[in-house]
């Protein structure tokens, strides 16, 4: 329990560090949202100056950071300059869609990749293993961008109808992109456990190969896999950004891109903070799961 | 594996000699030949402005392949420096760098990349963009190699032979060169073969999103971006060839790197 | 009386043409304890693993191994699975590493029982508890719910024996199970093994490179 509290504290500290870092980077970057208006001769300089004051852009950086951090803590994440409303209102539905997409893709990936990995570890060198292993090597190299475009193109040629803006195709692309890492890790970690003497002992006791694999070997090899879970969530979150843009899924991705092009600082910062927070939550959840699945951690090492 | 390595070398050579192997200036417009299918005059066809796709592909390769390579090397160098420093000095330096490392590893890098990119001016000189991308990718990617290097340094430090060398009065620089570098280099090699294609893909993705090189400077990302609208590909299939080239290069890198990782594993 | 196990002209060649055993003949009578002596590398483990057919894929096994009129070398894999643990049980070389680190002792004993005696979950646990109680008269409850890392080396070994004997096998194969133990634990282990064997009237093949150990648990001894 005390350990948990310390972990939550650490996560909050890291988030604070991320916020300073992100804010600082934004400060260093030249230009702001009003840049285009200042150079626009049709907008009088006083108007731009008034807007600057309204958004508090004329204040020193430390003051602005303090204000912004306060609004983050209140859950508003600052004001979007392009939309003139708190970022939270803008982001809410977007975040829901991105989270839905990421979680669906993640669940699919693990449900498919883990059994495949276990199977290939048990039948190393078999044709399934070689096929999936080769496929994973190539798929590992393909960025989500190409996979997404390939899907769009394939759908066009095969006449599948519209694939843009639907969760199914987007999740399929993410599945393909995140499959290789999970598959490979499962395979190697199960293969390692299969070499342990207790597996032979189970065989000598007459247990069936399937029972050994899924009842005994898989639970014993979960430890490294759970640590992968949070990393794999990070991967999916990053990939989902690109997939959302290519396949027009109205999640965070397209909004972020738009905000970047418009230099809408608050939206960009909020996206980064949310993504970092998601990761921290995932890491914590991963540790918690590790605690639950591994008695060596739960009950202490003798 | 060998075929893939050869293909990669050829691709990089072609890219390096882009000026020699291309028949036109990549920006030269042959308006009367817009959307021309591959033929004798334009081996890979032309785009909507009548620009030669082959010339654009090899010139784009120069930018894309080498920005990936340079960013990979930069991140590896930063990783070597910071990871080695942390591992060798220990104490609070180590704790600080490790913390930073964790922080960078915890960030969803695509978001960070976009966020930082956001505040570079959108339209700038291609050379500036190249430099900015390089710095960006290298600065974000240093944590992974740094963790690898630090791990190795920590394990080498405990070894008897190193203690013995210390006993002879060997200096820090000597230890680094004779004991640590030989262990670190192969691991960094494998890291590079894994990281470079990721950086190539990152450049392509950024350019595709309109945040990297713009259409006037051919890079594989902007070339792939040109096929982004579906009407283009159904009318002009050859516009998809850059995507095929990108997939081939990335696939070959992946096969080579898993072969490298395999030999390294056997070596242990 | 017909032998419990009869090995005739057994040869084992590993992939890569390494011959581990050639022309081995052995017989074990029902209830007999046979000691097999051999230096390291003589093929002691290979012999026992050939009997339960757990040699690596690609290994060539020739000859005949008959257990209670069943030719083990010709038995299909699912029939072989019924033999393992019930007809012929096997204690591996390092018994304390033979337990799954993430399951409790009770679960692991129940898993073996489950293969040979189909029953409900509750009945399985009860049966496993009863078997454990025989080997740990004082502290069966604690052992049952402990994970391997919470047990001492000797306790782990006893759990493995409990697993091997829980389906009342007719023949037990033991592959130098005491080589990793100190002499006190070794003696305790061998005593328990001897006691259990005599109580159940089971046959035993015990291989070792230590003649004193062999004399302690077995009657007749042969060399490999």
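As written, the chain order gives the labels A, B and C, with residue 1 at the start of each chain.
As a convention for this text, a contact is a pair of C-beta atoms (placed from the backbone, for glycine too) under 8 Å apart; a residue touches a chain by one contact, two chains touch by 3 or more.
Here the structure is a predicted model, which is why all the values come from computation and not from measurement.
Chain A has the Cα centre that lies closest to the mean of all protein Cα atoms in view.
Seen from the C-alpha centroid of chain C, the farthest chain centroid is that of B. Separating the CA-averaged centres of chain A and chain C is a span of 49 Å.
Each chain gets one centre point, the mean of its Cα atoms, and the points for chain A and chain B are 22 Å apart.
Averaging Cα coordinates per chain places chain B and chain C 56 Å apart. Of all residues in chain B, none touches 2 or more other chains.
On chain C, the positions that touch chain A within their shared complex are 52, 54, 81-86, 89-90, 92-94, 97-104, 111-112, 115-116, 147, 149-151, 160, 163-164, 167.
For chain A in complex with chain B, the residues that touch the partner chain are 14, 17-18, 21-22, 25-26, 28-31, 137-138, 140-146, 149-150, 152-153, 156, 234, 237-239, 241-242, 245-246, 256-257, 259-261, 263, 268-269, 271-272, 275-276, 278-280, 283.
Interface residues of chain A, counted against chain C in their complex, comprise 196-198, 200-208, 211, 215-216, 219-220, 222, 293-296, 299, 301-302. Looking at the complex, you find that chain B touches chain A at residues 102-103, 106-112, 114-122, 197, 201-202, 204-205, 208-211, 224, 227-228, 230, 233-234, 240, 243, 246-247, 250-251, 253-255, 258.
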